[in-house]
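The structures considered in this document are given below.
Below are two complexes that have chain A in common, paired first with chain B and then with chain C.
For the complex of A and B:
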């Protein structure tokens, strides 16, 4: 089964149109050139589709790093569970 | 969008096409909120329709942000926005027979671009920001015109309306992932007092003959298209022509 960080990397890779292997563990909007505002919109849409939820503005701001995205995914899974 | 009870901002809603749109929204059980720079007309219309209204200069960035904040605070985040306000001014690039003013004035260019393009940018920026932050899957409909294809004698107006159509496509791409939709509506010549005041009768008659349906548009037909664009959840990033076949 895919771990939360693997799933987060797969979402991010999909949004950035990169190979998941090219997403470093410390990936963040500030440091990853491809992760711009438009790619972030794509990430929001993919995350919402994947979790079948509507993210809050707080989620959207938190998920500007891979670690933040993992935390948002975990929070929503708890809510669903 | 389900229009029943939905808040929909209508710019320039105190007269003409904007008023027809506000009335159609009300008939569809939506709640139009009218923004208009003419306070006197605004007061008369909002009293008659029993809907909220705010007087504002839509070319003033600070005033636009303030009025959108006031609307959201008092009524909540709108589900829809209809960018209808604008002005129609015509002038050729060169008037070689006019010795004193042979060239299209920069002042007129700036006035027309501010009223028809900058205002759409400012209001949409403010409203879309609210919609995105509140995760409202809103709809923004902007009035273009047959002039977007390039009408002789309308350099500034045509440029502004082509710009509105381009912004509609850009915003649809940028904010589609958040569920926001953007649609432009391009009317032909609409049979209103302002059209009759701006366009001589012989030219209107020629336009009527060039139109496949041999008649000018009615404001109600344009308003019905706006309602359709608000309601149909798969339309975005496009321009709906409502011109009786004038531009086909």
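For the complex of A and C:
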């Protein structure tokens, strides 16, 4: 089964059109050139689709790094569970 | 505001008339919270104008500006207008090669800078032998001597006011030239269309090298309103940007749809976010209806939502359409372009023949705001600015937009259908796909290439590049890196794939449709 960080990397890779293996653990919107506002909008859409939830503004602000995305995914899974 | 102020022969006089009336009223609201009055802005611009004259700048000389939305940058534009020196705002993110081609094409006698600029951009200017001067409040001081006085009658309406560069299919960007008289006409249209008064605060979120900024700058400062300068750094944080627009008290917002969609997607733009805004104007690209519906739900009951259209070659805007409920009877495609403004006429042509009512044709624009052509480029000018084939009595210049449109006889509105060529709009930027292909073709080892623009998942399209190469040393990363040295960030493909060969159609040309299907 895919871990939370693997799932987060797969979402991010999909949004950024990169190989998941090329997403570093410390990936962040500020440091990864491909992670621009357009890619961020795709990431929001993919995450909402994947979790079948509507993200809040706080979620979206937290999702600007891979670690933040992992935390958002974990929070929503808890809510669903 | 006395309407006569704008009916001047040149923009220098027009601004002096507005400034004389508005005096200590706010002309600029600046990012640091300060305000620059009309009187102060005029003083700054006259100081710069005198300094330019004392340096030997003459009417017709082109002045480049790296503009970071400081008061000095706006004053420099006004100074150039007052002495009849066309200004051109540059994008510092242009890689040296592309900036170099732009510099070679317009040949500025001087480049002015109002803030920090990247060193490659400055270096490129120096390599082209162009002097760069940094503006400051002191730069224009002590230039009140009579020998450097600003001549009051040397500028005429047909003089070029500004140049605006846009993508060119040959790989060389085109510098659109717009005259003083055309801008004055545009200012009058904007005032009438949006009922602009001295109480208005117009956002300037558009970069100054981008065509949309023509509306911000001129519609505000030449109608006695206030211009709210929003720097590029604010765009990095959607919540901060929304807050800044609110604090500045903006009443009219103008941007590309993608920025509004970004603000809504990130949940930064809510119903109560901008209480003072009375008109949200958007243009530069289509606004997908499902996304537009969200904006309508937020603002539709209390602000005008206006879809504007216009090529850079025709003084920024040539039509405005008010979004209404019936536009959402279906959520497919984009809202209509609407009707042409009163200062334009249009023809829908197939070749040189008008199409029948309801049929698709290329929109060709006529009227006083059709620009002067491409600066220093007669060859490309005569390709796009052509005589009206339907007028046999006299020569009338017409601009072929390349946009395919349909005029619906039922609602009497124009609808955008597509392009006659490979030009696309990406995040509001006009891109000739051939310019990207020309840059790719210059890279050693690339034998063939094609660039596709396709909407896959998100509200917007992405650029996909396909390269044919037999070289084993080429890889996608190095090709993209090489492209970054030639093209600005918004022209870099999101995805690049190297193949041994590209698919061909029966005519032996690259089969773009098959590549698009592969995306």
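Note that the second predicted complex is superposed on the first by the 81 of 81 C-alpha atoms of A that agree within 3 Å, B and C clash if a C-alpha of one lies under 4 Å from a C-alpha of the other, contacts with A are read in each partner's own complex, and residues count from 1 in each chain.
Note that in this section a contact is a pair of C-beta atoms (placed from the backbone, for glycine too) under 8 Å apart; a residue touches a chain by one contact, two chains touch by 3 or more.
Values in this document were obtained by computation on a predicted structure and should not be read as measured data.
Of the two partner chains placed around the shared chain by superposition, chain B and chain C are both touched by A:42. Which of chain B and chain C touches more residues of chain A is settled by the count: it is C. Residue contacts after overlaying the shared chain place A:17 against chain C, while chain B stays out of touching range. With both structures placed on the common chain, the touch criterion links A:61 to chain C but leaves chain B unconnected.
On chain A, the surface patch touched by chain B in one complex and by chain C in the other comprises residues 38, 41-42, 44-45, 55-57.
Residues of chain B that touch chain A in their complex: 133-135, 174-175, 177-178. Across the complex, chain C is touched by residues 17, 34, 37-38, 40-42, 44-46, 55-57, 60-61 of chain A.
Note for the complex: chain A touches chain B at residues 38, 41-42, 44-45, 54-57. Within the complex, the chain C residues that touch chain A are 235, 239, 258, 261-262, 265-268, 427, 457-460, 462, 494-495.
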